[in-house]
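Chain nomenclature is as follows: A, B, C and D, assigned in order of appearance, with residue numbering initiated at 1 for each chain independently.
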Amino acid sequence: MTEWIGKATTVKEPLTVFNRLESEVRSYCRSFETVFVKGSNALLQDRNEKEYIDFFAGAGALNYGHNNPQIRSKLIDYLLEDGITHSLDMATDAKEAFLLRFQETILEPRGLDYKVMFPGPTGTNSVESAFKIARKVTGRTNIVCFTNAFHGMSLGSLSATGNAFKRGGAGVQLSGTTFLPYDGYLGPLVDTTALLEKLLQDPGSGLDTPAAVIVETLQGEGGLSAASGKWLRSLERICREHGILLIIDDVQMGCGRTGTFFSFESTGITPDIVCLSKSIGGYGLPMALTLIKPEHDLWQPGEHNGTFRGNNLAFVAASAALRYWEDDSLAGQIRDRSEIIADFLRRMASRYSDRIAESRGKGMIQGLAFHKPEDASRLCKLMFERGVIMETSGPRDEVAKLMPPLTIEDSLLKKGLQLLEAALSDLYEGISPRAALQAKG
Amino acid sequence: MTEWIGKATTVKEPLTVFNRLESEVRSYCRSFETVFVKGSNALLQDRNEKEYIDFFAGAGALNYGHNNPQIRSKLIDYLLEDGITHSLDMATDAKEAFLLRFQETILEPRGLDYKVMFPGPTGTNSVESAFKIARKVTGRTNIVCFTNAFHGMSLGSLSATGNAFKRGGAGVQLSGTTFLPYDGYLGPLVDTTALLEKLLQDPGSGLDTPAAVIVETLQGEGGLSAASGKWLRSLERICREHGILLIIDDVQMGCGRTGTFFSFESTGITPDIVCLSKSIGGYGLPMALTLIKPEHDLWQPGEHNGTFRGNNLAFVAASAALRYWEDDSLAGQIRDRSEIIADFLRRMASRYSDRIAESRGKGMIQGLAFHKPEDASRLCKLMFERGVIMETSGPRDEVAKLMPPLTIEDSLLKKGLQLLEAALSDLYEGISPRAALQAKG
Amino acid sequence: MTEWIGKATTVKEPLTVFNRLESEVRSYCRSFETVFVKGSNALLQDRNEKEYIDFFAGAGALNYGHNNPQIRSKLIDYLLEDGITHSLDMATDAKEAFLLRFQETILEPRGLDYKVMFPGPTGTNSVESAFKIARKVTGRTNIVCFTNAFHGMSLGSLSATGNAFKRGGAGVQLSGTTFLPYDGYLGPLVDTTALLEKLLQDPGSGLDTPAAVIVETLQGEGGLSAASGKWLRSLERICREHGILLIIDDVQMGCGRTGTFFSFESTGITPDIVCLSKSIGGYGLPMALTLIKPEHDLWQPGEHNGTFRGNNLAFVAASAALRYWEDDSLAGQIRDRSEIIADFLRRMASRYSDRIAESRGKGMIQGLAFHKPEDASRLCKLMFERGVIMETSGPRDEVAKLMPPLTIEDSLLKKGLQLLEAALSDLYEGISPRAALQAKG
Amino acid sequence: MTEWIGKATTVKEPLTVFNRLESEVRSYCRSFETVFVKGSNALLQDRNEKEYIDFFAGAGALNYGHNNPQIRSKLIDYLLEDGITHSLDMATDAKEAFLLRFQETILEPRGLDYKVMFPGPTGTNSVESAFKIARKVTGRTNIVCFTNAFHGMSLGSLSATGNAFKRGGAGVQLSGTTFLPYDGYLGPLVDTTALLEKLLQDPGSGLDTPAAVIVETLQGEGGLSAASGKWLRSLERICREHGILLIIDDVQMGCGRTGTFFSFESTGITPDIVCLSKSIGGYGLPMALTLIKPEHDLWQPGEHNGTFRGNNLAFVAASAALRYWEDDSLAGQIRDRSEIIADFLRRMASRYSDRIAESRGKGMIQGLAFHKPEDASRLCKLMFERGVIMETSGPRDEVAKLMPPLTIEDSLLKKGLQLLEAALSDLYEGISPRAALQAKG
């Protein structure tokens, strides 16, 4: 790690090529205005050899860090031995190995019985496939989703995504879904599953009995609101009683992000369908799974498909990444790091209680919700200048979010948190950046 | 190439693991019932060391063959030097290099001016993004598409896909599209663009003036029907006159499949939007582009996004693959191989004119349309037994399709065609497979 | 009034012709199994000369009673003088007279400024036209409606109707609407407009900002739940702040049913659009109005139309009926009768508090909500046998509803209530019908 | 008949009240700018005692003329004897009488077996109910309809209406229908049912197999194009073969307009569902029927309903009007008058062949299609000035349409035609109106 991290510099990187050739739709490159060239676990390096601590982790696609060496060596071996790279859904040994590893390392120890579907290699494709099979199994069309949910950007999954700006991009009416208030949306005293239950029981409610309910256990894009175990169990009970399939969208919260492989493990619920993507590919490689209870696996062959559902490099990387789950060591590390982050954020929230509404999240996706939404963006901008990649979250971008690789070195995590403390201090107490850093460092 | 190719063997591969753990939705592994382990250009090898000539090429995702060594070496270098693998849409040098290479090698020489959008890394995501921007630009919602079109499996693109079985999988009404007859659908004498024009000009036709027309220049899934240049030019003229965007879905037909990089180059049309995927990633790696005329690039930042739109390994592979287009040698080879295939298929169609309706397609996607649809499946099954991977196409799977890697060695191409000739002979003339092979070999 | 009213008789009326020739969709004739032949104010007579007190009033279409003589004489005069019966939307003197009368008698005295639209002559056509103009004015598509709302049976209005059985009849997905909880739906302590406001203010809520909110001030089909003035004013304020049009569906509650001509008069709100039908035609004749604030009257000529929007007999009857609103006498009578009904129902609810949840409604649409829904049907059935026409309401048909003509004679009203008291007594105390009647009578 | 008919006068009628109080949506009153006060068979009289020959007949709602005395006397009797006016769908003797009369006079003699449904009293409600039952019976959602169809203005029926202006009024995407070319749309040599059949047989066509096909035998709003018997029989055969219900929308063409009671009688087809409205009420009174083959009458009670489905005055008038069909005299008169009209129009079309494309239509709905659409409007405007009510039709209003009451006196018919001849002469030959009239008269 070079010495510049934490030094406030104004990076002047014109991104000329991108501005000239890439569509206006590009976004993160506008917040992080530099050209990155290398990555190693939780460190990124740009063209000017400036390094950055990665508290973003590919929006959850890099839980095992950049260029994880154990995974990389498997990839290179596979490439060199002429392993199949692309196979549609033909059988390959890389896919077979992944299926077995996933079964033995993940499903069996957790007592879970799912058939594994490989939809197209993105989260939105997994959600699209989940909606299709739920509608087929139940013969119904409606899907219940929740305020501030994010499930994807293709037409089916976008219908279940709450964000008005992203919905507006559709250019057509989005239909086939009903939004209900997420846990806590009406305040801590209101159990919003009671509203769902009342609407389902009332034949005049206007709620078309849904094929499925889709929910994130913690809303990564929606501002780090978390559903309680009690709320999720209530949701599961209601679904069972009305023959509704329960879909957990674990695209961002799965693969250990909240502390366990699946985010719902501690709650005792057993979803009918689970959507996985992002870090399942292990190395940032595109891959997605849709896990379906065997009794609901009523697909006809090829009824949903996609060219890249057989991305074998991702199978190889995924199998290597699953090694992390063969014992409890990673889980233990996540627990320890989560506590470090939680303690730190609580301290900050307490220190700046007039500016910070609360600390939120769990496991290694936590953040600070600000009273004034723009403070979150200001903080992230300042952090980037000082060498930390962080993003905002929430309907008004009012949450500054920390989601480093699960494998981040403790020293780097602490360094990042120190920089965050200094940045908050500078934002709110007017101390110069350098002085702040020196005071802490 | 081992000696067994062409020898009829009955492979007994139980696929136990797949049958037990993978969803019923799996399909190609049912047709090609073995476990593949290696690939090299146009050759595949299974677990039993049996080799197969690949006349399928990942449904068009492997135009440059399996494990293309020039591309692979770039990938391994990039991996070893800690290159960024996953970057969302942050700027990386791999992405910059691709943008420049694509601009210099593909767009500029063809006089094309497009902004490059990176949607999620699959064809369906590209189509979804194309529909969104077309609807935004025009303020209209309808999309005109064509009989037997295939544009993808997520809800938006599926609405423009003709196949009833795949449409039925949606479980909801598909809306926002109008199907019109493709070129030749009403016989060779009817110009079906005239129907489109009449409907557009008639304020009582019931056709809601569309935001866009989306069309494949040759229908890869729809039975290898091709649109003539005249028809496409007429379509373009009508679009222009009514302020309708013309979208070419070049997901399967692009990247040289039909003889030129874009399938529409020879026609003189300039689409407003082009969808690319499959072989753009070069090595079978998931990647997709949406090319948008600058005047239509009205996206807000992040209005469409996706986790894997920054799959940098694909950018590296894509840049390497574009080397093939720096001169005319690949194009020349495709032309030569296309003629070999075309001559061969015409000969077969003529020889078995009572069984084969016609040969179809162009470039390196050609096939035989059978009077009895089941003949196509029987042929492909027999070819697989003899070591050639081929698939059917068309609404009734009535076409046996040849789409080898563009880079297939001539000897292997000819070997494959010989096996095809023998298989047809055996199917229709009752000669034993071995005898047939010996006779030809 | 003949003597038989109140005598329990079992009418055996086979309805042979109807059973043989009319569609299975027929419904009320199954509850009221006789053939009616005459009507006079609040009395009906069947083929067997049995008389019935009409506590149903054509579901609100007969507020001025059957064959109101003042109205009838105008109709007969008009018929005899060759007045125009049917005029599409050409100008006629009957229409002109109605427009002037409506302006002078209804709108001006209430300080209301609306343009009058004549959609097709039914409530559902009025609602369809209201949705169209609201969508046109705002450029938005969504409509917010409420649990247990009833707005009609054609596809547009059915989308805003809560009843699952009726929605199911559509045979297609209903879209373009969002249901939110009506006043009181979450208990007396929860102001459900706060939920609407929160969803509108939250850019991640998934609620597409609506073109309009449509609401009944009292839900005639939905179980006689009433919205408070405070709730309606809050709704109006929220609509104003978000540029949302407020539509009051006064199809059943208008024309004096709740005590004032418009049901919302006492609340202080001024809807952007008001839907009127049922009793506006005065004599049970099909007619409907859509009242639109002048600034929202952005229709192009003929953008919504219908063959029977010029039902001149209804204009003549409507003009005659509006005479009732030239002074306060009818309003006073409604007030008096409402109190009689309210006092009676409260007494019954108190007496049978273990069976009756509460009395509901206001003005001359009130009823009893039963703990066991089937009690409401049993009561109505018994009342019919004894010569009173009453219907159930509510999502589970759990409310027995009283809605006599506003003009019902006091003696007949009281007679009906006595019969109701006796019927309840018989249902719950086991006294024989005849004994009960004699005891009361 | 007063002397002024045919005299060109410029009526200055300000319509002040209508302009001030009625919505901008009003339309016909802008074309026929006067206030009508009386009607008698085919004559209208305005406030200035100017008379008009009615060649419009309430857009087909006044087939038996204005104030038909035989019908009126029945209405007045019924009113005076306290007959039930409004009955929802309770049984009344007026309804029973209508059912029996309709069965005996219409269905039985034609060998037709239909259950009679009373939807709301307008054509659009009938179409909405037809779509619902077809979707329920088949479990499918799509409805095939045809270019230039008009089926109504509520959301369901509007989806099957071709006119772009009217469709645009919906403010939402219209879905659930597929438009195909009507008979003759692709020229006289193309049988467009072949396209339907091809699309249905092709599993890749994108045409979702429909629940129903809805068609007008002659397109009253769509420009008087007529479907041939052969085409309709082909349509029926295709529907039968694919289990699709055939709906004939006879709202405007039924009740004798084309020469027989149902417009399809001469073709030999037997629709599964028939929609009737407009003149079924006999006197211009709102009424509609949906006729359903008994095997498709799978409604649950009340699954479709409406307040005014029991408009008893219309039942009384309808029963009286059906007397016209007890023998062949009316049919004979229609035949004779149709020939007069047809001969006349053919003569005009021939005389002004450079201006008039052709004469169209059949029975007593015929017209002239002009090369320049504005000529049709100019003609109708001139005719109105001279005392004849005529309207345009067609997607560009290019057809001037004649549809007098079926009962028009021959002398008045001829007078109207003379005025038409004079008007054409004046338009195209520059002769002064008066001179023209005198020349002819």
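Keep this in mind: a residue touches a chain if its C-beta (ideal position, glycine included) is under 8 Å from a C-beta of that chain, and two chains touch if they have at least 3 such contacts.
Predicted model, so just to flag it, every value in this text is computed and none were measured.
By the document's definition of touch, common neighbours of subunit B and subunit D comprise A, C. Using CA-based centroids throughout, the chain positioned farthest away from subunit B is C.
Fitting subunit A to subunit C on CA positions gives a rotation angle of 180°, reported to the nearest 5.
We define each chain's centre as the mean of its Cα atoms; on that basis subunit A and subunit C are separated by 51 Å.
Distance between subunit B and subunit C, defined via averaged C-alpha coordinates, is recorded as 60 Å.
Centroids of subunit C and subunit D (each the mean of its C-alpha atoms) stand 32 Å apart. Residue positions of subunit C with contacts to 2 or more other chains are 141, 165, 172-173, 176. Touching subunit B in their complex are the following residues of subunit D: 141, 145-149, 160-165, 167, 173-179, 181, 185-186, 195, 198-199, 202-209, 222-223, 394-396. Residues of subunit A touching subunit D in their complex: 172-173. Against subunit C, the residues of subunit D that register as touching in their complex are 13, 15, 17-18, 21-30, 32-40, 44, 47, 58-62, 66-67, 72, 75-76, 79-93, 95-96, 99-100, 102-103, 115-118, 120-125, 128-129, 131-132, 134-136, 141, 152-157, 159, 165-166, 168-172, 176, 211, 251, 277-278, 283-286, 290, 292, 297-308, 311, 313.
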